[in-house]
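For reference, the structures are reproduced in the following blocks.
Paired with chain B in one complex and with chain C in the other, chain A is shared by the two complexes that follow.
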Partner chain A sequence: MTMLDIQRRSATTTEAPQVRHLPKIAKLIDVSTCIGCKACQVACMEWNDLRDEVGKNVGVYDNPADLSDQSWTLMRFSETEQNGKLEWLIRKDGCMHCADPGCLKACPSPGAIIQYSNGIVDFQQDQCIGCGYCIQGCPFNIPRISKKDNKAYKCSLCSDRVAVGQAPACVKTCPTGAIHFGTKEDMQDYAEERITDLKARGYQNAGLYDPQGVGGTHVMYVLQHADQPELYANLPANPKIAATVSLWKGITKPLGLAGFGLIALGAFFHFIKRGRKEVHEDEDDQLAIVRQSGSNGRDA
Partner chain B sequence: MASLAPTFGRGAMTNHWVDIKNADLVLIMGGNAAEAHPCGFKWVIEAKKTRSAKLVVVDPRFTRSAAVADFYAPIRVGSDIAFLSGVINYLLTNDKINHEYVQAYTNAGYLINTGYTFNEGMFSGYDEAKRSYDNTTWKYQMDEATGFAKIDYSMQDPQCVLQLMKQHFAPYTPEVVSKVTGTPQKDYEKILEMMGECAKPNKVMTILYALGWTQHSVGSQNIRTMALIQLLLGNIGMAGGGINALRGHANVQGITDMCLIGASLPGYLANPTDKEATLAQFIEAKTPKLLQAGQMNYWSNYSKFFVSHLKSMYGPNATAENQFGYDWMPKIDGAQDVLALFERMHQGKLTGFFCQGFNPLASVPHAAKLGQALAKLKYLVVMDPLTTETSEFWKAHGEYHDVKPEEVQTEVFRLPANLFAEQEGSFTNSGRVIQWRWSGADAPGETKGDAEIMAALFLKLRDMYADGQGANSEPLKKLHWPYRIPNKPSPEELAKEVSGVALADVLDLKDPTKVLAKAGEQLAGFAQLRDDGSTSCGNWIYSGSWSQVGNLMARRDNSDPSGLGQTLNWGFAWPANRRILYNRASCDANGKPWDAKRTVIKWVGDKWTGNDIPDIRPDAPPAEVSPFIMNPEGVARLFAFAGMKEGPLPVHYEPFESPLAENPMFPSNAKAKNNPAARVFPGDQENFGTADAYPFVATTYRLVEHFHFWTKHSWLNAVTQPEQFVEIGEELAKSKGIAHGDKVRVSSKRGKIEAVAVVTKRIPTLQVNGKPTHTVGIPIHWGFKGVTRPGYLTNVLTPYVGDANVQTPEFKAFLVNIEKV
Partner chain C sequence: MSQPNEIERYTASQRSNHWMVAILFILAALSGLALFHPALFWLSNLFGGGAWTRILHPFLGVAMFLFFLILALRFWKHNHLTKNDRKWLGQIGDVIAGNDDKLPPVGRYNAGQKLLFWVMILCMLALLVTGVMFWRPWFAASFSIDLVRLAALIHAFAAWVLIAGIMVHIYAAFWVKGTMRGMLTGKVGRAWARHHHPEWYQEVTEEKRS
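== the complex of A and B ==
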């Protein structure tokens, strides 16, 4: 039995347990006190036993250049001029742990993506079939499929640490205390303090990034310019789950119940497949597996 | 270091890491604390969060520190003294000084010899042939009746220090400063205003600096200029104030305390020279004469510190009859700094070299000269945990290190050493807090600790001399070696030796019937040291760190009753567990704190008490004894009549490689273009480039992802910053057709490197002396060994010249050209 209660499970209709009282948690990243030292990147790789490749410098400080199966978080550096002043905005990118997770909704493999009752969205790689639909479902472009085992990976918010009362590795290691962890409520309260301070320093539009389009997130940012989140390496201003994923959840489900599930599923996959930029050679095989699991009728 | 001692009496960070949280204004200049000291930087963030402190960053680049600053202003590399001199001018002309503090705690009212002059960038007493000053004319006027220095407390006498300063700094107006530094005048004036606010007794500024100030041919004076500002504002001794040299390596403060600098012994005692033939002569030369009545003049105890050190070296062999072994101490016969050492090696005068925890091929300027120097050695021994570039200087590494091994005859030995984390011992952090630590992992394979390697070497050498043959073997034979396992001195034994022990009963000097420490006991502190051979102490400033109570460095009680971060039971701070140096100056002349909310200590009628160990005799009445107890006049020196090679007051000089044809402050005096007292070796002058061939200003620096030349051996560090790059501004990139990610070649008169270009808004083009000036930023961390992508040693580019006082090389300001490959 897991230490945390599972609230939702991809492609599954089983009732969630409801007995234990576990508060919603959140990680708060205060961008205004982050120096981009990348200690969180290193701590993440160390705790999770990951080793990314020694890459290249492509003309910026961002290294590795992108998220991968080995890098679940990384710093994105943006230079901008605001009110005649240069600013170097440094945002720690990684899974936002949406309250309404598009990845989980899109995932066709039962139990490959779960959401704990505390809000953490976690990938269970042993159940992952590598279809990549979680990528399509994510409004933040976070999950990555590993070339090594063809499974999806992303930040787990150190669910293993959190389950035993420890803060995530990135929080623990952050030297300036820019990353905080606690109940979502406490994090919102703390964010208010920081926002008050930033406003007093002239950042009139300082604010909390907790986008409601995905039901709020369990990773939140304090931004100096909350009115322009896109300044921060294109953080989406109003993230939403893709229409195709909503379609899968909203319309196909009753259709499935009416006995047309397989047809609708086929149409959906066709749509998704056409929409994807990269098509893997083995995708047809994956699709076959997906169809099989889909036809089990757990969710369709 | 070299500037703080001549100013305050001690050469160390005045405050400590945690205390940064008590500041109202944090200035980061001559350093990049967020980048190089990310853990300590948390206290800057804490000050911002809890005190609403403002952070100001002044740097040629918009750094990681600037990313979280309230205000950033750019500056041309190598023009910091002009910038800061303008601040002094502003404070003096706009009366933004703490009068009572300046009058009572500095030498502002002291009268200077009438022979003192300053003309066209040069002080009186210059000898051009020797490139040095005779400082006779810089001295105080002495009152013949009392034998003490003359003072005009009204600070109006034209020969008094304050008036001389007004005159000296007057040319540094905001217009002139902006022209010299390239800092936009509007930005500059905003900073002047913010700093001026801190003259109020309840407003405190701290300054955090590091190698961005030290690594210049005027490094010591960069720091001194800031020290003068902090004195004028009354910020020295205050919680949240001070002048804070941030030391990089976890234990670089420790190694400096233990005599990193060749000219010093542990505890900043001087290394004897040929001039001091006897112990008496040496003590006489080093013990300062009292300059003002009633002052503590703590260096008057010099003989106690020094004789106790000799006793720790030679044990029972050191007796009063043989001057406690003074004759066995090596006498320095010339400069021992790193540039002088490799110069001698380059001249073939030094043929064997022990290289312990040091990678000079990578970290000393002008790598080509270094390679030639190393090739002249008969043998090189490298003690290091890593395969350093130095240990493979003889080996070809493609374009990154092009040598012909067959032409190098040097025999190289590599002795694999433990890494610090694999050893038990003490670390001394930047804030002088000594903390005991335990090994975090077992050392791999057959590696050994440094002490163990040195012990084996010593025992072997001593054995080889045992037959009585061999010249000059006395120092080796007489060395005291009391360790339980002779070839493996333990960290505990060494720490106790450093802290000090009573060899006979130590008696109270005021009451000889009272025994302060019995023979064999660990001493409680340096007040118990004696010069009669009854005490032994390896390093007087560490005295008491391992007392009879036990190992105080291992204490881990972080209780903080004052809330100021004065955790007096956490570790042990030198000196005497004092956390804020000169803390007596945190109170006014009556002993009342300038700011009661930040009380460090206070006078309570008969004694000093409070939240720190008073930096004054505990019963010294406030009106009688002044706060700067290490100086024989008891006050801090705005005007340093001794100790500074290039003059008693700071002057802007151009770097040895400057984009300007002349010093804009003294355009008609070519001799005052660069530091007139800086040493240049024959052959190096010819290797300085000029702006016609090398038109861009360059500076080297560190990145947070790496530590010097070590972490390129570590996979995770390599992942976060894998490949060598240089940074240039958008304007320069455009004019050279360089896009971000392009490969570029950066060349100086001494060599070239190739790296990826990072094109950034963060390096502005500055208007200097009416001309646009571009900066090329060069991170240092790459080399031809390690798991990062191979790169060039950046020190192939840097000039072989150093600060006039301590010879710290000018890594921060030189000239290059850049072109797309």
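== the complex of A and C ==
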């Protein structure tokens, strides 16, 4: 897994290595050609050696009902009526691999979350402390903490496969070719073709989902209704790291530390200037005198 | 019982209570600071690593809160702010300069101590409530994600205020000689009491006489 260069590391304030340039990669999910077969879910489980518990049918096609430590990707099914026609929208949910990852920003454990120079955001479970700050940081509600080991898990974009020049397992297995993998540039170009085609077929608002609020993502969607991403199982229209998280993890931290430093210095130099305040316990109480050493002291 | 020049300021039980809070505060603060800033993550080594720090911190915090609650209830009645206290706070420059003769007379606690008392109550309550809200794996999932985010922010802020307040508290206890002894042995000097807490001194000595 370390065959890729790391360009960002959680809870690390100094520069990460950034001399070498790897091409940015991306996974493109073409929602318009997805048939909801869940082969990607199976491939993900198989490659990553995961096996979720068999759940209960909750009356919808989503199976399992939600992402979990064992289910890193999930088809989410939504029904909507557009232009008088029923549409069944199927979105493969999972980590979006943000260029500006909220999870990495929030994580307090050095190196528990890393971003490879090709754009993949990966969790290092051996460094994970189980605090769940990544959940607070994520604008897409992706990381899940395992009940078994209290460590956070999510899609790794098959960083182990990508490191050796292979496409992620879900891409490899998709029977309709709805999932593509390559350089981000190539994926954007391919998405353009798909969007042109979709527009020609009457989807006037077809477009690419590559939200800039998180610096763009390394998992992108081609959406038939890119003007309403919420239709797709509440895909956020303008995802951003929450203001509370930015404030919590931003300027307040160095300012807070500086504040402690100033108080400590202030106290120390107050002592240097004033000395300690001492009342002498003279035999005669009435004659007790206050003494202060230092420049302003009122030595008796 | 006590030396003629000494007055009892704290009972053994009150002192133990105070130091339980103090010890738990140090542990909660160090484990919290480890997660507060990457530069302080090494503090997690004191607790057996990052995961142990995450596990222990909330328990230390809750224990600190419980002992503090007892302490606060015990000292509640001594901490009502009076007119003289407001005047004292207005002359904070004289306080820092040590111009004690210019300050209004002080009772059992001065206005700074009282203010710290109320700030600590607010901080402790805020820390408890917000801390529970993002305590994993148990409680965090019961709150909406936006509330959990806000809780983490307020928790960090309240912790900052509390730690800053305690830094001042510790320095003030060191600065005013004889104060630390009061909390360690329970006894303060007669002159110390008459000078720093004249109204309290009067109360105590009158009680003894009557």
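One rule holds in what follows: the second predicted complex is superposed on the first by the 251 of 300 C-alpha atoms of A that agree within 3 Å, B and C clash if a C-alpha of one lies under 4 Å from a C-alpha of the other, contacts with A are read in each partner's own complex, and residues count from 1 in each chain.
Here is the rule we go by: a residue touches a chain if its C-beta (ideal position, glycine included) is under 8 Å from a C-beta of that chain, and two chains touch if they have at least 3 such contacts.
Quick caveat, the model's predicted, so the values are computed rather than measured.
Legend: residue contacts after superposition of the two complexes on their common chain; A:131 is shown touching chain C, with no touch to chain B. Judged by the touch definition given at the top, the superposed model places A:90 against chain B, while chain C stays out of reach.
Shared-chain residue A:36: touches chain B; no touch with chain C.
Once the two complexes are overlaid on the shared chain, A:165 sits clear of chain B and of chain C alike. Of the two partner chains placed by the overlay, only chain C lies in contact with A:145; chain B stays clear of it.
By the document's definition of touching, of the two partners only chain B reaches A:58; chain C does not.
In the superposition on chain A, contact of A:81 is made with chain B only, not with chain C. No residue of chain A lies in contact with both chain B in one complex and chain C in the other.
Of all the residues in chain A, the ones that touch chain B in their complex are 32-39, 41-42, 45-46, 51-61, 63-64, 71, 79, 81, 85-90, 175-178, 194, 197, 200-201. Interface residues of chain B facing chain A in the complex, by the touch rule stated above, are 34-35, 38-39, 41-42, 45-46, 48-49, 52, 62, 64-68, 70, 72, 704-705, 715-725, 739-742, 756-762, 787-789. Residues 5, 34-41, 44, 49-51, 53-55, 96-98, 100, 134, 136-137, 140, 145-146, 148-150, 152-153, 156-157, 160, 163-164, 167-168, 171, 174-178, 189-192, 194-196 of chain C are the ones touching chain A in the complex. Residue ranges of chain A in contact with chain C, taken from their complex: 11-13, 108-110, 112, 127-133, 135-136, 141, 145, 147, 150, 242, 244-245, 247-248, 252-254, 256-257, 259-260, 263-264, 267, 270-271, 274, 276-282, 285, 288, 290, 292, 296.
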